[in-house]
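Should a chain be cited, it is by its letter among A, B, C and D, assigned in written order, with residues numbered from 1 in that chain.
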Amino acid sequence: TKFGEYGGQYVPEVLMPAIEELQSAYERYVLENEDGFMDEFRRHLRDFGGRPTPLQRADALSERYDREVYLKREDLLHGGAHKLNNALGQVLLAKYMGKERIVAETGAGQHGTATAMAASYLDIDCEVFMGRTDINRQRPNVFRMRTHDAEVNPVDVGSGTLKEAINETMRDWATNVEDTHYVIGSVVGPHPFPKMVRDFQSVISEEAREQIRKKAGRLPDSVVACAGGGSNTMGAFHNFVDDAEPRSANRSSGHGPRDDESVSLFAVEAGGSGLTIDEDEGVAPHSASLSSGQDGVLHGARTKLLQSGDGQILESHSVSAGLDYSGVGPELAHLVETGRVTPVNVGDDAALEAFHRLSKLEGIIPALESSHAVAYLERAAQRAADGSSGHDQRDEADELGDLVIVNVSGRGDKDLDTVIEESAKRGIDAAPSMEVFE
Amino acid sequence: TKFGEYGGQYVPEVLMPAIEELQSAYERYVLENEDGFMDEFRRHLRDFGGRPTPLQRADALSERYDREVYLKREDLLHGGAHKLNNALGQVLLAKYMGKERIVAETGAGQHGTATAMAASYLDIDCEVFMGRTDINRQRPNVFRMRTHDAEVNPVDVGSGTLKEAINETMRDWATNVEDTHYVIGSVVGPHPFPKMVRDFQSVISEEAREQIRKKAGRLPDSVVACAGGGSNTMGAFHNFVDDAEPRSANRSSGHGPRDDESVSLFAVEAGGSGLTIDEDEGVAPHSASLSSGQDGVLHGARTKLLQSGDGQILESHSVSAGLDYSGVGPELAHLVETGRVTPVNVGDDAALEAFHRLSKLEGIIPALESSHAVAYLERAAQRAADGSSGHDQRDEADELGDLVIVNVSGRGDKDLDTVIEESAKRGIDAAPSMEVFE
Amino acid sequence: MSELEAAFADEPALIPYVVAGDPGIEETKEYVRALVRGGADVIELGLPFSEPIADGPTIQNAIQRALSGGMTPDDYLELVSGLDVDVPVVCMTYYNLIYQYGGREAQRASERSSGGTPRDEEGVEAFVSAAADAGVSGLIVPDLPVEESGPLRLACDEYGLDLVFIIAPTTTDRRKRRITEQASGFVYVQARMGTTGAQADVSGDTHDSLARLAESDLPKAVGFGVSAGEHAREIVSAGADGVVVGSALVDIVASGENVAERLESKAAELKSGAREGEQEIPEPERTSN
Amino acid sequence: MSELEAAFADEPALIPYVVAGDPGIEETKEYVRALVRGGADVIELGLPFSEPIADGPTIQNAIQRALSGGMTPDDYLELVSGLDVDVPVVCMTYYNLIYQYGGREAQRASERSSGGTPRDEEGVEAFVSAAADAGVSGLIVPDLPVEESGPLRLACDEYGLDLVFIIAPTTTDRRKRRITEQASGFVYVQARMGTTGAQADVSGDTHDSLARLAESDLPKAVGFGVSAGEHAREIVSAGADGVVVGSALVDIVASGENVAERLESKAAELKSGAREGEQEIPEPERTSN
């Protein structure tokens, strides 16, 4: 039940039997494809979800950064983000388990929407818990959930955001665990959730691995994905984690040789407005648990957390609501701890700039979450330029290598209002004028 | 340049040389794949657009209507609608023609957005003309276009909607025709636009035909698509127009034999609030040009139009902005005239109900345009039920047959505000309560 | 020689344009008389269509005013037949009104016969016939290129109307030949790219276009952007047989102040400019038309 | 027999719960004294954690008040060591506070040594040691199932603290055996599904749960939803050795009116109910504990 020191099952006893039942169902249906579960899952992903999603060469970015940049287009998945991979898998599993009801938490509303979609598609009752603050700032996603006939239960305690919504969903689950499955929204929570969600999401890297081999003739030098809870991250990384095969000789032609021969994995966290924590206010101005969190236990698992010295969980902050979480998946914490994954972060402004850059140069409006991953390309290029006289920065930039896959985990339609407002407030140069409105 | 009596090239002389140039480019690049144009187009559709889109069996609808219902999922195309097929094709063609600038009209903003996406992807300047009224009621799409770095030019004359935007784009084109290509948004306009746009959109039926053969083992009994200008309609119909092959013996098992053996094609127009025209006000409360229009000449082509007895064009009306157009593609007019396509229509309320039905039953929020196509399934079923004692209605219902493809031309995220407001105003039963908001 | 052609015979022709029914029928009659007093040789009278794609904002707005005032094709023809001026009237409108005018006739006919779609041939004839009865001398249909003009050309021939075509700066030599073969009355030389609308100067395209048309026997009238006597002078000196002036006059109509008086004086200014221009043409060329 | 176990020896035990620091440290001391005067046999004192997933709204809000008031683990331990009551105190908190308390110690240690992630073993020991020093008799950690409890169990053994586990209505027999093997002090019988919170009646699950635990030697205290003397009577008569009452008391604290007095009288009511319940147990059963 652990990834090294991370993971585990830190939940109330009342839930443990359900966790055991889930563990058993996970092993039978997901790992062993009992009753053809995985076949059915993949059929739904294809026919309902629109998989496979393309791996697109980003021509303008490739030119800009003088390396081959490929985009994994999870923004094209039904619902507009990678979230459906997991929601569909868990809702289907709930049906195989004979459950009659689904509960889910949601922050920005993406996971709630994906779960509501999957539940209406697979015909099972669905209730979503969402903080009052989030309900009011994410109205379109509330509309979508309601339109899919899901109940949306406002959570009024605390700051009324994701953390509280998870707490409240766990409470509902503890009350109704016998007929209810909790569709958790990321690679977090008690075992087997982190493994199971990762497995459902790993179709991203399964496809990407095959696609890059076909298009570029080899594995990538690096994979870049944003990390909040980490489900798109683990999905994009999973099938590359064990890759350490030699690359073709010419891979070092552009940027010099690297130390190791594996596929480098970069988890880009939300740097928010800075990494300094205000303990008195209980607030972190970022969501960079991997980069700056401390080990602790939250929502059922031991992982890296944003917390005070006492162990109280801090409120995280990011311009991207979907990255705004104080914890992170335990497997990512483990992969960072063991050096397999490199945690990096970019701040709000850089993410907003990347949002506009991709929209203008490639015709893709990325989710603000995904914009963090896109932004890291620019960061690496800037460092290479800044550090052309010094060796350290040069090496850092070169970690990306000549062939990079960036996971575009979702589309940014949902973020347009936020981006326009925040870009204007912060004076982001790349933002287009909206003077067309009188 | 004509489809029977329809079509032609009714444009100012200043544009005719460009039309001739376009005709030549269309023949060389599109029809003859010169310089590998079509190969490149299809590659972009795949890698950038996400084609092929799935053909999904709609389990709940199939059960409800006691026939096999399949959905062609154009809502999963990049941008959220079939519009990209055409925009990408024309923008690419403009580049092959050496044009330096793109202009486009847009009504609800879908075509403008698709064109802006394609133009930023293929790196060409883009200006979109949009009525002032539409700009104010379709803000998210204006944001999207601006985010893709397209200029959005407000059109202040007249009612400030699609018709005026087309007029104004034609004027710009007449001024800048030498370096500018006009990416028209539907199968309308002067020849060769209707043929060319149809060809770019026909990938829909090309895929659907192959997919239904694979999934159902035969061709469908009918294809249902909504029709405004008619680009998704022609795209969904084109590869079935010539189909008249015998079907398997069991196709008649469910609903009795039909008179003919061809694939029936149903173009579902916006019935709005009714088909009666108010000539004094110059207003039609619907957009059903095929069902109730008169022959005339608009925007470069002879076709069926909503017009007064004098020949002044009427303002059309539909709850779906994307169907709200006074004309229709000339090829559709011809196919209706020859009896190959059956024009039907459903009103605003029925479309709203269908929007909610598909969202609840299948986990897909359809565009309001596409909701009209979905609504026709219900209409046919109701008629069959109502007419179980009478022969006429029974026959009409049975025209759909046992195996139906419905084209879900786009996703309905864009329509949520409208649908919630209109559903409440009209007291649509199927609409979910939005009481979650305080 | 048709009425229209004859209007160019003596001296460079002034062809002013106003929209019929802007702002009302009686006003239009008054304005037409004023223009004739000012020196108009031909009146180009717009029959308003709701989608004027070849016109710029000035004339669009005029059309909107006329339609709001209730102007219809029947009203238009009645207006023309009631005009008591001795210069020819050319009707400028878009093809759907011509097509649909006939369409209505054809529909009435098809109710009696076996039905079916009205065809161009049936459609346009009704309009041309009525226009001829009303005293219209010719038609300008800016959205009807020569390719689509067969039925209207036939009807015009039958009822003795001229059909004026536009030559644009983009028109190729091949197209120019085809158009001049079909055109009658005069050739309308579009002075610049784009749509109608008053401009501050004369487009350089004008001289090229006129030069390309030198071999044509038809009178050549230049329009699109002509707004001052000075323009008329320059255009006529470049070889044009007339000038078409629209938006500059429609602007005066739109102002609503001393309209008739100002129209008359503007026409006089333009006519005078055109005459000056003619003086500047070297003798040998002047006689060639 | 541990201090905690001993508290159940004479008669059914009343275990009231309040949140330390709600609304302040001095108030908590006063409330604890009142509860003891009312008849409390054990005090369950909550150490507030920001994410109380096992608690319902009443206690969530109390925790929020305590955290807003600045309550920290160090404050908590100081509060406990300053309590002048003669009943055992059991600390109810979530695992991260225990883990992180040690984590801080371990971090300081790792700065001196070779670094690395603090492990459970290091983490919990610091807390348990400090708790023992402060006079805490046992721990209840609702998000720590028996599977994850190894390190804490070891530390508790080393420092002489009881580790109380919860048995839920969903707990299987296999899990029940595992839990009762690890538990000490008493077994906390969760009376109903869900989270803590005062209820109007006693859940039917209670009797089943008690019956399933009949063979265990440990005292059994029933909690979750107990709010009245009548409930206590019913629960004890069904075989429980004690009742845990939280939300009903926290409600009184939240009201802010005559809190100490009302806590005392509520405790008395509950204790009296429990005693009544004991009278209803048939003699042979009563002696079995």
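Everything below uses one rule, namely that a residue touches a chain if its C-beta (ideal position, glycine included) is under 8 Å from a C-beta of that chain, and two chains touch if they have at least 3 such contacts.
Predicted model, so just to flag it, every value in this text is computed and none were measured.
Contacts with chain B and chain C are shared by no chain at all. With each centre defined as the average position of its C-alpha atoms, the distance from chain A to chain B rounds to 35 Å.
Rounded to whole angstrom units, the spacing between the C-alpha centres of chain C and chain D is 97.
Centre-to-centre separation between chain A and chain C, using Cα means, comes to 65 Å.
Residue positions of chain D with contacts to 2 or more other chains are absent. Chain contact topology: the protein chains form an open path, each linked only to its neighbours in the line.
Counting only pairs that meet the touch rule, the chains in contact are A-B, A-D, B-C.
Against chain A, the residues of chain B that register as touching in their complex are 46-48, 50, 53-57, 60, 73, 75-76, 78, 80, 116-123, 132, 135-136, 139-140, 142-144, 146-149, 152, 154, 356, 359-365, 413, 416-417, 419-420, 432-434, 436-438. Of all residues in chain C, those touching chain B in their complex are 49-54, 56-57, 60-61, 64, 67, 72-74, 94-101, 103-104, 107, 117-119, 142-148, 165-172, 175, 179, 190, 193-195. On chain A, the positions that touch chain D within their shared complex are 1, 5, 8-18, 157-158, 163, 167, 170-171, 174-178, 282, 294-300, 302, 305, 307, 309-313, 337.
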